[in-house]
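Can you keep this structure in mind? I'll have questions shortly.
Going by the order they are written in, the chains are A, B, C and D; count residues from 1 in each one.
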Amino acid sequence: METHIDEGLDLVVAYRTLAEHGILDAYGHVSMRSPARPDRFMLSRSLAPELVTIDDIMEFDLDSEPIDGKGRELYSERYIHGELYRSRPDVHAVVHNHSPTIVPFSITPDVKIKPVSAVSSFIGLGVPTFEIRDFQMGSDMRIITNELGRNLAGVVGDKPAALMRGHGAVVVAADIATVVARCIYLELAARQLSQAMQMAGPGGRLITLDDSEVAAVQKRQEFSRPWLLYRTKALARIAAEAAEHQPQGTTTTPKAR
Amino acid sequence: METHIDEGLDLVVAYRTLAEHGILDAYGHVSMRSPARPDRFMLSRSLAPELVTIDDIMEFDLDSEPIDGKGRELYSERYIHGELYRSRPDVHAVVHNHSPTIVPFSITPDVKIKPVSAVSSFIGLGVPTFEIRDFQMGSDMRIITNELGRNLAGVVGDKPAALMRGHGAVVVAADIATVVARCIYLELAARQLSQAMQMAGPGGRLITLDDSEVAAVQKRQEFSRPWLLYRTKALARIAAEAAEHQPQGTTTTPKAR
Amino acid sequence: METHIDEGLDLVVAYRTLAEHGILDAYGHVSMRSPARPDRFMLSRSLAPELVTIDDIMEFDLDSEPIDGKGRELYSERYIHGELYRSRPDVHAVVHNHSPTIVPFSITPDVKIKPVSAVSSFIGLGVPTFEIRDFQMGSDMRIITNELGRNLAGVVGDKPAALMRGHGAVVVAADIATVVARCIYLELAARQLSQAMQMAGPGGRLITLDDSEVAAVQKRQEFSRPWLLYRTKALARIAAEAAEHQPQGTTTTPKAR
Amino acid sequence: METHIDEGLDLVVAYRTLAEHGILDAYGHVSMRSPARPDRFMLSRSLAPELVTIDDIMEFDLDSEPIDGKGRELYSERYIHGELYRSRPDVHAVVHNHSPTIVPFSITPDVKIKPVSAVSSFIGLGVPTFEIRDFQMGSDMRIITNELGRNLAGVVGDKPAALMRGHGAVVVAADIATVVARCIYLELAARQLSQAMQMAGPGGRLITLDDSEVAAVQKRQEFSRPWLLYRTKALARIAAEAAEHQPQGTTTTPKAR
């Protein structure tokens, strides 16, 4: 990993930021396509997101097999990542999460998630729901083979995300800043839409973004402002943790960019 | 800015306080009319509220053009501020936010926000909703021209706030303490009203402040007690951040007033 | 106050604990009857609860006039406390709050708060709602005279609490630990009852404590276990604040008891 | 306790983790069956979970009497633990809690808790509700005798948990990591199911895990990943507390495993 320190650090920032925002708890994971080798991706060893450091980042091929396993325990659902990088050349970052308010949407088949505001406008591009029973009855709910990974990637298609019934979501993007912001704003949109539905009552009017608004926002939207915030805070936390473990030395905080 | 250090610090306190209360996340901004020049206002450069320091505060004219741009990136929606200061001589502080529970109210046209208690009594003065489609179809949802700023200011009229459909809110006041408290209590009122509506059920009785109560509260209400709390906490956080970045020196905390 | 340091510290703990639990924000206040003089009570000067220290505690008579005003600003609603101590010899601690989920209950006259569990069993003793319009039309919602204080005390009667329409609540008890716990568990019960009502649906079955259960719990209930927790945490925070302001000296943490 | 330091530390981690997650407030308790003596269990003296340290852990027999009482105050509901260890040889860890969203489910007899996702799949094994009125009318709601403990254990039967009407829940497992994760995910499932029910509306479709999915998940599920996270964080907090109380000495953080 020594040639990809900066990208690896961005990946650590993504893990920490999604944990800080309650999108990931002890479960879920984030990956990035390797900058130098598009047929590989970076992912942590099996570890809770809040504990991930740069030393935990490993490289995998598109079959989701580690380049150098080092005998470490691996996420059982890493196949989600490999198959999405294989099917989607435009995708450079993938998150699998159990986002708290996404689970209720995933189990209510007659309720659709919708783009309630500009920050969640990507929902307007389409967010299908993956039902694992369409591919395997009596499963243990996990995506633990390349075949299930391909099934999931097939449901995602060319969309930015898919809900996973009774499980959570998978979210993809062209870069790490966007995939992190999409996860945070997907959860927020779910909370806001749920509340709006309750207030409007059955059959009540709700005005969500129309297709022309979704297209206009997507044309210009990037997430550099949140990313600078997330990165600054995550690096400060990581530096504080390091300081706790080396009380004698002096600590230098990595610069946010 | 060297002549307005104190006012600039109040503006930084406002950014930090609204971030701390979850009214602003990575987006949204706060401005103050310049004390010495009513045809100018102060606003941060483009930056997430939680990161704003005194060095980020800039001065703008009422066309929302910077007096000295210094090549910095600017908020694309700064036109909200300029046009409101132009149309409202009584206004000295403006917030644009994506307040979490305000978004649901903004997309439910048949549900009206109401003053549930004294701290949210300003809602009783009227809080209209700005529908950007009335002025531009297929927009990217943002107020990125002086013309859209004027449209928004026209909807605000002489009211203390307006919801923005699928976006958030704009809140104004005669001073910074009041605009910050209004944002915090607008969000709280939205949560409380939503909950009361759910409990009362369709057509159930809700008792909100009547016009005479709204008038009586408005006549006496000021927010110096919350402001002292907000300022004390924000300045302590800023001092702690400064201490982290200069471990050798001694830090002096600015006095709350 | 030098003779009542310990009691004053308990009162500071109450302010801090209720702020920490979100029962008090910048507003609301807590008082204790003076141990040596039952015709007096202790209350902070006008200050946000999170900022209150032992130096802010003052003594008042039952007309809610300060024994030694020292030119300090006083809470405008201190009459709540004086009139309750006058009408209720059994009461030694009083809280006035704007508890977030109590406000929705206060404005929905057809929805009654109920004892959902043992910790909130005191609700079963009766929690009436004070409607200020029964005594003054067009008020500014506050209890700013002894007369309004007497009106409120009349509605409280011999009960442990009353909701105040569009405002919050007043809660009383025989000791400071109980009044703090009652405030925390009144808010929790409101959230839980609201959620249970939503889940059960209109006319759905809800099982709350019956009168014999309320009586059995009241007979034995005291709150020493939570109080030790609250006191330990509040004193640690106060000690940490003191340490920040005297970096050279050594700090001694007051013992929790 | 000197022979069981490691197990005792795990028990302290469980107390702290459940408090950190809001599953326990000042009330509730966790126990472990003694590794060396299956006819004994370990439990804290009567103390709020957030304050429990290794020195507070005591040993009890299956009648819930302390092996060495040391004159300490004991939890009045310790009989829950003894009777469950007696009736369930497979159980090695027990939690009694007042989990905030479980109380609403406990008082709505027509609403059933269900397994919404893999982490809460144990709910599919059955979670009955204990109604204390079936055994004692006019109780003070507590399980304060071995007889009431046996009544509760009888309702639990061979299930992983039971709700307790107007009170909370009891949760059991074969190990401490599982009982802690089950408590956290039972609360989360309650929140998610409540929200899904509200969104789906009366009679709306909800897809929860079916029996074959529950069985498949139960066959493979263990909670070592969350436990490492919980343990790391709890031990860091405990070490920080210790450092505050011995500012001169050097602190060594226990290793997470």
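The definition used in the following text is that a contact is a pair of C-beta atoms (placed from the backbone, for glycine too) under 8 Å apart; a residue touches a chain by one contact, two chains touch by 3 or more.
Fair warning: this is a prediction, and the values are worked out from it, not measured in the lab.
Student: What chains do chain B and chain D have as common neighbours?
Tutor: A, C
Student: Please identify which chain has its centre, taken as the mean of its CA atoms, farthest from the centre of chain D.
Tutor: It is B.
Student: If I superpose chain B onto chain C using their CA atoms, what angle of rotation comes out, to the nearest 5 degrees?
Tutor: It works out to 90 degrees.
Student: From the mean C-alpha coordinate of chain C to that of chain D, what's the distance rounded to whole Å?
Tutor: The mean C-alpha positions of chain C and chain D differ by 31 Å.
Student: Where in chain C do residues touch at least two different other chains?
Tutor: Answer for chain C, listing residues that touch two or more other chains: 198.
Student: Please classify the inter-chain touch graph. Allowed labels: line, ring, star, complete, other.
Tutor: Here the contact pattern is a ring, one closed loop where every chain has two partners.
Student: Go ahead and list every pair of chains that touch.
Tutor: Contacting pairs: A-B, A-D, B-C, C-D.
Student: How about chain B: which of its residues touch chain C in the complex?
Tutor: Where chain B meets chain C, its residues are 116-119, 121, 188, 191-193, 195-196, 198-201, 204-210, 212-213, 215-217, 219-221, 225-226, 228-230, 232-233, 236, 250, 253.
Student: Considering the complex alone, what residue numbers of chain C touch chain B?
Tutor: Per the stated touch rule, the residues are 25-27, 46-48, 50-51, 98, 100-101, 103-105, 107-111, 137-142, 165-168, 194, 197-198, 202, 244-245, 247.
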